[in-house]
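We just call them A, B and C in the order they show up, numbering each chain from 1.
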Amino acid sequence: MSHPYLSLTERDLEEMLATIGVASVEELFRDLPAGMRFGRELDLEPALAEAELVAHFEELASRNADTSRELSFLGAGVYDHYVPAVVDAVLQRGELLTAYTPYQPELSQGVLQAIFEYQTAICELTGMDVSNASGYDGATVAADACYLAKHATGRTRVVVTQATNPQVRQVVKTYAPGFGLEVVEVPHRDGATDAGELRAAAEDAALVLFQHPNFFGCLEPAPDLAAAAADAGALAAAHVDLVSLGVLEAPGEYGCHLALGEGQSAGNHQSYGGPHYGFLAAKEEFTRRMPGRIIGETTDAEGRRGFVLTLQTREQHIRREKATSNITTNQTLLALAGLVHLCWLGPQGLRELGEACMALAAYARERLPVAFPERTPFKELVVRTGRPAREVIRDARAQGIHPGYALGRDYEGMDDALLVAVTERRTPAELDRLVEVLAA
Amino acid sequence: MAAPESYPDDLLYHREHDWARIEDGEAVLGITWYAQDSLGELVHYEPPEAGSTIARDSSYGEVESVKAVSDLISPVSGEVLEVNQKVVDAPETVNLDPYGEGWLVRIRLSDPSETDALLDAATYKQHVTEQ
Amino acid sequence: MKLIYEKSQPGRRASRIPKPDLPPASVPPELARAEPPRLPEVSEPELLRHFTELSTRNFGIDTGFYPLGSCTMKYNPRVNERVVALPGFRDLHPLQEEDAAQGALELMWRLQEILAEVTGLDAVSLQPAAGSQGELTGLLLMRAYFAERGEDERRRRVVIPDTAHGTNPASVTMAGYELVGIATDARGNVDLDDLRGKVDETTAGLMLTNPSTLGLFDENIEEIRDIFHGAGALMYYDGANLNAVCGISRPGDMGFDIVHINLHKTFSQPHGGGGPGGGPIAVRDVLEPYLPVPAIVRDGDRFRFDHDRPKSIGKVRGFAGPFGVFVRSYAFIRSWGPQLREMSEVAVLNANYLLARLREAYELPYDRLCMHEFVLSARRLKREHGVTALDVAKRLMDYGFHPPTIYFPLVVPEALMIEPTETEAKETLDAFAEAMLAIAAEAAEEPEAVRSAPHGRPVGRLDEVKAAKRAVVRYRFEDHPDLAAEPAAAGVEAPKGV
């Protein structure tokens, strides 16, 4: 029994078996019914030494065209923003990386304080009073928001804009039947949502969810949409982009009850879709309905400030079947990465980041055949190529560029459309190159 | 810090550890010493709204400690006349004085005969020893 | 220690953002931010030092023994961190063309095959982001299965033992099912008499962990299987305790139809202070059509997503799931190969060794060999000396250990749930046992030392009542109008001797 991750020696084994009072390791399993014993060896490939392991993974990785090898304008929910080196450095601290949920606060003030700082940052960016310690991703926090709204209002319908990310809508629809909720979608009009239409659909709704900037990259008439929701007696929930909140108003300032979204743009590498983190924040009245962990400030007997998991009676380990959610393991480390990135940016850096995205998007809008020329883009736009988008992608990639996401699978009549993302890592020259390639 | 254990004789009790003080067609409701002792120091009281109707044997609100949340089970049915704001502001009042300052709601009884089904102090005390 | 906000000084920043040589684009005024967000203004050295200091106030597996029962706190291999950082994984966009992501797709497909083999089941979805999400997914699969058979109106109940992890009942409610609880018998098995009376044609299924949260393998598992399958119900396996049985007993062979695996427990994904995790599910082939979309399939030597899944329950998480977690777990498994069996054997050996050393000083509620974890009770210490499981946990910190799980499972009073895992050396186990024995002795001789623990940590026991009563869940900028003028050394303490 020898393996680099085991410390057991022959001598250890002898002594331990003697202390336990059994003759063999096999005897430790004597309570297992004979019919339950797995009678052969696991059919797995033989163990690899570390160097062999690395070689295998390098081979696998070499067959992936990542953004260090190919100029990419892919976005659609996950973005190629620059992740500063200091984020990676913090995440490699073993005391943070290899710790678990801070149930013993005296040993976990590092994580607890860091998450308190994260909660603060999320509240500050979104204009809300309470944030949880993270959800799984931007799609599942939308489902969480629906569950919260149902219990807060007693209503059983949720309204989602069609201009919200298709995966977010799909996840909400997967969870809805179990929650006893009906989901209604409001179509987009020319790349954004009409507040009047939204108001009509929101009658008797528990929640209205809209994305801003929306999936097409366009700015929505967000204050009007929030007002429409409130007018119908529904909770207004804005699905937002953290890195836009240096230039765009906080949802809490224009009438939203909830703010949520996918945090990846702040601090996480793309990593083929995950792990990332969902954020969810709310006005104070919803504090006790919040799903997930919440860290609170307190003191010890000496009056020293410290941080603890609080309001745990909402959570599964106490409330069990009446819990506000079943979430236990969340996305703490990724949320921590988000915090480090936001602190690295600071308010100036965040604003400049947003401005850079918008300037590049505006430049792209002037040079490409966009679907919604009247809308202001934040960091993405819909480009109509006039040819099947899948072919355009194939041809562009042959010239070393991935031009963007083909929208045809998600939206009717958009088979020639590409969703083109421009983050602060892109340059005008690269955009010129894209224009060239698409024109060809 | 909490009150010493007691179960006043002038009250009526419900198996789910709630008490009622009946007077002139009204009832004042709260939780017993046993309930507050099991929960620990209360940190939150979620009351019903004044004017709402509560039903016997069902939940009319919640109290919460650090380690648990408990439904408040009403011993009798009626209309909520008053909520004890003192407990809303300082939930630990219930631990200090569960039968006096720590009262939770005052209601107008809709069916005074419901009190026949409640326990007297001696019976309730016996019930507590069996927990 | 100050919060990062308390270290902010106007004018400092760690970032420089390349400015494109373009005219600025304006935000419509009604949408524009009025006030800048109060993110901290710090330089990069201040930033790194702050988070480094925070890490020194935290305890991880890297720091020391972490026997948190039910969490499987095993060594997190560093080679896994190296491979997950390869640009071909780290910088790969999830919507990249499939022929340009073959390495990623192959990795996921291979992991699926491995998990099917380990669980003894037929089909796998890697999508759920954590064990509890796996549970919810499994319950949604149950609903879909019975809906197709016209039985879902009738089958509204799910049976769960009283030893279950709190996520189980929470998941049941979120899936729209009703909960039926069953008792545990004196041997620590599910009480069969109680069970027989509660399973009938209204039952959708069972959620069970085996070995249970008591660390005990249910001796009647075959009978339980017959009861449920006999009633036409399904069996769901909570894989939290899989570390005990890899290569030794497979949940599929035990009769379970749906299994979730916790990649952050059994397969070494680092816990990250609370997450991320991974909760893939494996199912019997009758349930395969309902799995989340997309599936990952193999066509000859190509790998691809299959979105054409008309009976799928839908999507529980974006994209294919937490890919970085798959990379690490796959690397971990490839370093063991079929030897995974020995991983479980040593996990069980280590737990039984500690049990043997501690059973006299503490109470062992179920007198059996354990599997990978075991539960002790500190009830006698409480009764005789007023020292509780909580006190024992805090005192263990003074000895340099992370405490075990306490007050769970609920069926054991003053519970201490200890799971050493296979990666601990015998000397570590001995040191832990000696500390536990010393604490039991202290409880009798100087209980105050135990009850006032921990000593020497940055904080003592924290006032959780206060934290819940007037919950302060963010830094209140409004209470600090002139942050930049606050004293630099505020909140700093110099120790004045032991």
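By definition in this document, contacts are C-beta pairs under 8 Å (C-beta built on N, C-alpha and C of every residue); 3 or more make two chains touch, one makes a residue touch a chain.
The structure presented is a predicted model; accordingly, all values stated were derived computationally and were not measured.
Set against the C-alpha centre of subunit A, every other chain centre is closer than that of B.
The central chain here, found by comparing per-chain C-alpha centres with the mean of all protein C-alpha atoms, is C. Each chain gets one centre point, the mean of its Cα atoms, and the points for subunit B and subunit C are 38 Å apart. Inter-chain centre distance (subunit A to subunit C, centres taken as mean C-alpha positions): 19 Å. Chain centres here are Cα averages; for subunit A and subunit B they lie 44 Å apart.
Contacts with at least two other chains are made by residues 44, 64-66 of subunit B. In subunit C, the positions touching at least two other chains are 464, 467-468. Within subunit A, the positions touching two or more other chains are listed as 312-313, 318-319, 322.
Looking at the complex, you find that subunit B touches subunit A at residues 44, 46, 64-69. Chain contact summary for the complex, subunit C toward subunit B: residues 464-465, 467-469. Subunit A meets subunit B in the complex at residues 288, 312-313, 318-319, 322. Put simply, subunit B touches subunit C in their complex at residues 40-41, 43-44, 64-66, 91.
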